[in-house]
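Shared between the two complexes below is chain A, which pairs with chain B and chain C, respectively.
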Partner chain A sequence: MANTYQLSRESLTSLFGALRKDGRRILAPVESDGRIGLGEVEAPAQVAGDYLQTIMSAKEVAFPKVERLLSYTITPGQVDLKDAEPKAAPTVLFGVRPCEAKAFGALDAVFNWDYRDKFFNARLEKLAVIGLSCTKADEACFCTSVGGGPADTAGSDILLTPVADGYLAEVLTEKGTAILNLASDLFKPGNGVDKVAVAAKVEAAFDQPALTAKLPGMFDSEVWVDQSLRCIGCGACAFVCPTCVCFDIQEEADPKQGERLRCWDSCGFHMFTLHASGHNPREVQSARWRQRIYHKFSYYPQRYDQLGCVGCGKCTRACPVDMNLKEHLTEAAGVTA
Partner chain B sequence: MSEKNIYLPYLMRIAEITEESPAVKTFRLEFVDDVAAQSFDFKTGQFGLYSAFGEGESTFCIASSPTRKGYIECTFREVGRVTAALADKEVGDIVGFRGPYGNVFPLEDWKGKNLVFIAGGIALPPLRSVIWNCLDLRDWFKDITVVYGARRVADLVYKRELKEWSERPDMKLVTTVDPGGETPDWTGKVGFVPPVVEQLGLSAENTVAIVCGPPIMIKLTLPVLQKLGFPPEAIFTTLENRMKCGVGKCGRCNTGKSYVCKDGPVYTLAELNQLPAEY
Partner chain C sequence: MEALKQRAIELLEKGEVKAVLGYAKGTGQARRAFFARQPGQVDKLVLDEACTQNLAAYATKHEVKKLGRVAIVAPPATQRALIQLMAERQLRDGDLAILAVDEGAIKELGSAAALEEHLALKAQGLDAKDKTLLAKLDAMSREDRWAYWQNEFSRCMKCYACRNSCPMCYCEHCTMDCNRPQWVPVASHSIGNLEYHMVRTMHLAGRCVECGDCGRACPVGIPVHLLTISAEETVHELFGQRAGAKAKLDYALSTFKTDDKESFIR
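Moving on, here comes the complex of A and B:
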């Protein structure tokens, strides 16, 4: 059960100060050239004001675009291997939306379901999330269709919901309590604000459990071909996605030394599954689009008992050819099997 | 951090290189680190990621049998950047190995049964591990038959072992090459693998079939086995989808909800029938 408090708008300055004094960097949505992205801030005034969402997701805080896994030097007849340690700075993610906060759980499932990934874990361990409920949404949003909501607490250590003169602050985890203890005088007793009344209204667009249940039976449906006809396989959807976790491992080296790097990848690329023989199990774009949907809405629930999608709509906003995940899922949910 | 880096390979020294066929080589690899050599263990069917430092990693099966201790072997064809770099290596050079990964052939379940191995071309290496494993546990099984085909005589791998197998009284080896692939001194069969299997007069009774080969060979061999009465549960294969991590994370080897690197690479036909054909 969350402990609920009130936090005044002015007190954020002190909170930021206390976090920084504790040795943590603060990452928050900031505006640069009219675009909203995550940046390091020192004071609340630097945080973007009236943003809906960042363009890129916050996943790179725990899962960077490029991560060094190891390095080595090569001498005749010998290789000296060096383990890599992630440079994980204590970090507070301030002001991310509930959908994105929830997405860390989907990443965690993949990175730790069997073998444990120390790189992701080292970063996640040093990360605290102060989420910020949405008071507005756009056409691309569909969090409520995938089990989330504009004021959902999942994944946040503290969730702030804007109220008249400040924030309703729900302290949800041990990490959240640790932050509270850094500046406990700022957190005033809560007054039972109805946060649902304040939060954005996002109507559920489709019946996700029903869609998940029918997907195994519609693998060969024409709907995947129709929907993907205009997909150009650029991979933008995967790169902005807070839950897309698929990666490549690449070498950067010269004859004497090198390093092995983990880089974001996308199931939308032809090369992703291409065999050395030239055979490709997902030869056409429609098969790759179907993989994207099935991975998130069928395979993820079967393997990890959760969805691989949080309904943030970033993919839809980023798509250069107007693919629309909410509409496509709604259409798929309506297909008679 | 106390957690282990799951992407860190073992360092392996190349102890022996065998030229198998044009552009195909077998490496015998020994652990540089004695502790790793002692603690390393695997079961037949498992695979690993082999590093050419400077170029990257490639996925191959472990082609040697776990009954042969102290080393592992891999057999690869030079087709890309990493395999080209590996092919340039010499005895004494260092490569990397991560593994063993994936599931295994259930030899315990096969006790008391006849075994039929059917392989095509460069797909013999994964079965060679099982074949030697079974030959080293010969008492466990009844008849052992190996059918191996390649396009041309020159493309047959493990020629010295094929000779040894052909001379063993406790197994039967049938080799075949595609029509036109024979040489004047070729004593094996001439024909594609599926009809050769059909003509063998195999009984499906108390028998498991282990099939590995190019997609077209598998596609045409499975109906033959089914016609001979093999149930899908008695037909095994091993898949080799593209992989990067080998540990169920990088997301590319899946066929349906199944990760080839974790739930495979060994599948029965019954299991594959439950999955979309994305392999």
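Moving on, here comes the complex of A and C:
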């Protein structure tokens, strides 16, 4: 059960100060040329004032687009191999939306499935999430259709919900308590504000458990072909997605030295499953689009007992050809076998 | 709009085409590509200022070619892309029914020659905002321009939305995807991003139809279209050629002339 407090708007300045004094960097949504993205801030005034979401997801904080795994030098008769060590700075992610906070769970499921990924874990261990409930949503949002909500606490160490003059602060984890203890005088006793009343209203669009149950039986449905006809096979959806976790291992080397890099990859790319023989089991875009849906809504629940989608809608907003995930899932859920 | 819908229904009913590729309402105010495959779906077609995507990008796709003959709704930039694709032998003359749209008026163009004649009557102009940005970039010192692009590319994540949205990026095996040998680093680090955008720009110099779709496609708002437009304008300035005007290939960067004014090439 969360400990609930009141936090005044003015006290955020002191909270930011206390976090920085504790040696933590603060990442928050900031505005630059009309775009909202995560940036390092020192004071609350630098945080974007009115935003729905960042374009990119917060996954970069724990899973960057390029990660060096190892490097080596080659001299006659000898190879010197050096493991890379993660650079993990104590970080507070401030003001991310509940959907994105929850998404770290989906990343965690993969990075700690059968192997503990030291890079991801090193960063996650030093990461604290101060989430911010949504008071508005757009047509791309569908958190409530995938088990989340605009004021959902999952994934946040502290969840702030905007109320008059400040925030309702739910301190949810040990990491949250540690932050509270840095500036306990700022956290005033809560007064039982009904956060649901202030949170955005996001209507559930489709019956997700029913969709997940029927997906295995609709692998050959024409719906995937119809939906994907306009997909151009780029990786925008996967790269902005807070749960998309697929990566490619690349070697950058010359005869004397080299580096092994882990780079974001996307199942939407035609090269993703291309075999060395030239055979491609997902030869057409419809097969790749179907994989995207199945991975998130069928394979993820089977394997990790959770969904690989948090309904943030970033993919829909980023898509150059307006592939609307909520709409397409709703359509798929309505297909009669 | 009514004329377009009527013609679309006719084409589908008579079996002259298997699909009419146009625009339909999308998320919010957005418009999206739409394949009307039955006369009953034609009603979903819309045509207004928000219809900006260059649909010619679909004309070379396997999935679309497999549908059979397609009619394509083609505003000016799409018309330019289609004739360039024909010039580059990616589309056969007559492969598509081209429903040329110019300020609301619809004209059906059946051949490359008709398209060329139609395009010759029109002045090609750059978007005012792009013109301003290009002038601003031109006025910068080399160092400032370098810094500007370095900063812009720092947001690139190599999702290839710019490449994949481009009607002229139809290569089956893009240099970016070539790994034997690996010409360009796959990783989206500073060198990988820079090399990618340089290759893309050079490959479109003299071939870019200046639709701006690559820039619109970029999820992180990098004005990548300014690179290819700038290269296209340079080719025009130096060689007097423009992509998207002629049915027969006229491409400065792959043309050799014995009377070339430069001595190094002779």
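Rule of thumb we're sticking to: the second predicted complex is superposed on the first by the 337 of 337 C-alpha atoms of A that agree within 3 Å, B and C clash if a C-alpha of one lies under 4 Å from a C-alpha of the other, contacts with A are read in each partner's own complex, and residues count from 1 in each chain.
What we mean here is this: a contact is a pair of C-beta atoms (placed from the backbone, for glycine too) under 8 Å apart; a residue touches a chain by one contact, two chains touch by 3 or more.
These figures come from a predicted structure and were not determined experimentally.
In the superposed model, A:V110 lies in contact with chain B only, and not with chain C. Judged by the number of chain A residues each one touches, B leads among chain B and chain C. By the document's definition of touching, neither partner reaches A:L182: not chain B, not chain C.
In the superposition on chain A, A:G233 makes contact with chain C only, not with chain B. Contacts of A:S277 after superposition: chain B is touched, whereas chain C is not reached.
In the superposition on chain A, A:V193 contacts neither chain B nor chain C.
Contact with both chain B and chain C is seen for A:D248 once the two complexes are overlaid on the shared chain. Counting contacts by the rule stated earlier, residues 248, 250 of chain A appear in both its interface with chain B and its interface with chain C.
Interface residues of chain B, counted against chain A in their complex, comprise 1, 3-9, 11, 53-58, 77, 79-80, 83, 92-94, 96, 214-215, 240-242, 244-245, 247-257, 262, 276-279.
Only residues 26-28, 30-35, 53, 57-58, 61-64, 155, 157-161, 163-165, 177, 185-189, 192, 213, 216-221 of chain C touch chain A when the two sit together in their complex.
On the chain A side of its complex with chain C, the touching residues are 33-35, 37, 55-56, 65-66, 138-140, 225, 228-230, 232-236, 238-240, 248, 250, 252, 261, 263-264, 266, 269, 271, 284-286, 316, 318-322, 324, 327. Across the interface of their complex, chain B is touched by residues 69-70, 72, 74, 77-79, 81, 83-86, 110-111, 113-118, 121-122, 219, 245-251, 253-255, 258, 260, 262, 265, 267, 272-277, 279, 281-282, 287, 291, 294-295, 298-299, 302-303 of chain A.
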